[in-house]
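Chain naming follows the written order as A, B, C and D, and within any one chain the residues start at number 1.
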């Protein structure tokens, strides 16, 4: 099985200045922050990375900057796009920009298995030999992939080097996938990591998630891999209230950026419009959760 | 404001025997369990109560049994139905069976505000003067109610005595609703209680949620209401890993029933078909989470 | 192959009086009208039959009245229901009321093939040996059935005696289904009959549709079956403008009821609330289309 | 009211060669064909124009070629995009390429009126003073715009110069929109023109639709505008069976391209992958429908 997809892949934010311009200097500090806190790789241009608000030039500039700063760690770029032509063009561009591979979810609107197979035939015949993470995230795409469907995609398309599994409940699906996959393929999980312990128990290679305290995600992975299950749970539970609070789709990303700013990882918590804006009451909720997490972390030491 | 909707309303399970028959004796023990652990009221025949798998006769038998056992506490019955005629008929029946009121969500398929107002005009002109909880749960219904829409519904329909708010993020919407509502209406929240602390901070009257440890939900409400915010968080965090694990829609209900059985509240954890079935690996995950919760609770004492 | 499902099955309206009460006397006149105009069978309690606005008692009364009046022709009753228990109970009741069989669509919310198979296992294990029409109508249910999925359902469940195919484009799917079905199963088509000629060319057993001039649907079927293809088209085209106008989901049903009233088949064009209400401008559109159809029909003679 | 949006706006195909390359020479012949058959303007890069399968460069090359060939007639470019940044960038590019304006539908995923207003605020603050057609096509976008919502958008955003109305039923909504719009705005209609006569009766400025016989759409518009209502219907009805057959979303586009090739307007009927491919049986259906239309047209003369 590929050794590349093992450990924490951080789903990376795209930093903006207060007035909404792309902030490439903050990419540097944020990338350092992720690696310092245990990232084995990075996933950029995802939904949480506000990819849909970037121009093509900005998307590529972001990939290049992350790649340049990532100390050789693999950078995966999200390229999902309703247009197969644009998906293929973007794939070519991000690979030229230094990305290790791409992440692709089935296009919204696919219905039957026949549609799904036809879509991925078109995709994989165009992008060529690029390492690909197949993303199974039905609550976002509206496309449900059954375990047999995933197995057949893996069989047909050698480009699929890893699966990002975000169906719910994830754990049972992971177990069934392990039994059905025709070749060993690493499985990483998302959903912001809220079910990470159970997913580890069912045999995944690591989390692919964003969190303002990535040291928790990497730490849990290491403890669990070392057989320290209770310690892994203890670490996880320390951060869980804040993790949950960030697990509220785009609004949760606003929370995450606010905490990343407070921790000095980025200069501004701004999300590009259209997007959520935190109120004073929301900031107060964050104050309380962060102070409780910080206190609990201090007590652990 | 109505004093009825204040504190914990437990979203109640419907117990079945191992072979799937309605288990009315377990309704008695489960109802006692809920009240012993702090329920101020009960909500029956919800999605988590497997209402969609009951015949009409079973639905009414369940309501009657809960009412008879509830020591005078109010029982709310879910009556959402694609058919307004059946919704109205069921409302009449459950009120005759002793329910205090009903809970109604907008029918799947409603699109514009005009559709929504037309639908509720039809509903409220038929059910008469029955206390109603308006349920705002867009991820289940597919119908998005804006704050101005909710305010207008409350203005037009005096039957609306409470709102169950389950949009995400809930906290900000609660704040905006408080400012917009034309009369004081209690707001209760669901989503299995995972955002309860923030919702309390934004001014709700209590949780309307299911959990295998309802004493946590009632306890958090009481502590928070008494101004003991940090203690409320401490109590909440103790149970959070298990609460999250139960927060996986119908599959999470299977977990909850399993824990309720282990705690002696019901005789069988069976869910009616079609529904999820827990595997040995899933039961192991539950073993671990429950043992950790029990240990943490013991340490608190 | 079953000889029962051959020719025109009229999707029957449910007549109401001007004030919205069930009008059983109009069931008699409407049933006579359908049979006089060539119905080989009837489908009642469908979406176009406003089933979702009937109480259980009204549903059964409607079935009984149609059966009593249908001169021995088979009556199929729609029993689709989010609750398998209620679906099974309703199936039992309608069969006792004299229905020849039932029509079932997959429940909204089913996603993967696994879900679909599990759902129909639950359904068919409960309803017993009742002749069933499997309805494939993805634009209404949101559930997409691929051809292999349909073939497997037919293989597993001998109760499936016919398929109502309403996917778009229907013709190509019919051809692929014919090749894939493991046993001969009649295929009837819906979508209000707008693609009837092409569906006949691809080998169906007849239309299952509603129209205010059912003599067109039965006439086209007979001409086509007799090899008179051009004549079948000529007849079809004569009515097509009005057929299209009725092909606007629930609003189209309001048009159909208005024309049925004008033709003396029912006493009132009322649809139950919540439902569309025709404006004066709409009635004028109908005046024009009906007068053009009537003129064209007269000229054909 | 703007005189620009009056008469037939043809929703233009994007021609490809047999092997799927963009065929700019066929753009010339197709553009000539549209104008010869009565186009007052063109709409390019729509869903039916396979926009989602073009790279950015191809999109702009298509716009430029159409503009260069259109004899000064206005060309509207579809720019709907999940990314507001990309929508704005594409808008800038197509206007520089000579497009008269753009067409924008609300992004899939918008839910409440608040979301919709926020989205269009972001869009219109970025694209500047570009004439815009607001597209209301809920069956494609999943976003339902009520009449009051449309009226408020028109009030807030002077860029909205026309509305493309594709809700069903369209006619009643057009009448209500006319009464609610705060300033005179032309309304054009789509849905492939199948409800064109009723829409004209309710007061629209013309069709914005694709059809392999655009002379029917322009002819109906002219006859109706000249008060020749029955003649307009006669012309419409002559082509209706083929019009309906093309009204089957992407599959219908394959039919349309086949007929356009037969009429000499383009060199190849190819649709880019992933997309529908016509079978021999489908081609036979087309043979029959086209021969009947041609015969009926000949008889009219």
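Here is the rule we go by: a contact is a pair of C-beta atoms (placed from the backbone, for glycine too) under 8 Å apart; a residue touches a chain by one contact, two chains touch by 3 or more.
Just so you know, these numbers come straight off a predicted model, no measurement behind them.
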Problem - Interchain contact steps from chain B to chain D (minimum; 1 if touching) - result: 1
Handout entry: A-C or A-B, whichever has more C-beta pairs in contact
Key = A-B
Completion exercise
Distance between the CA centroids of chain B and chain C (whole Å) is 38
Exercise for the section: Would you kindly tell me how far, in whole Å, the mean C-alpha position of chain B lies from that of chain A? Expected result: 32
Handout entry: Cα-centroid distance, chain A relative to chain C, in whole angstrom
Key = 47
Problem - Contacts with two or more other chains, residues of chain D listed in rising order - result: none
Handout entry: Of all residues in chain C, those that touch chain D in their complex
Key = 168-169, 171-172, 175, 194-195, 197-198, 201-202, 229-230, 233, 236-237, 240-241, 244-245, 248-249, 251-252, 276, 279, 281-282, 284-285, 288, 292
Practice task
Please give the residue numbers of chain C that touch chain B in the complex, ascending.
Solution key: 51-56, 58, 82-86, 89, 108, 118-119, 121-122, 272-274
Problem - Touching residues (chain side chain B, partner chain D) in the complex - result: 111-115, 138, 144-149
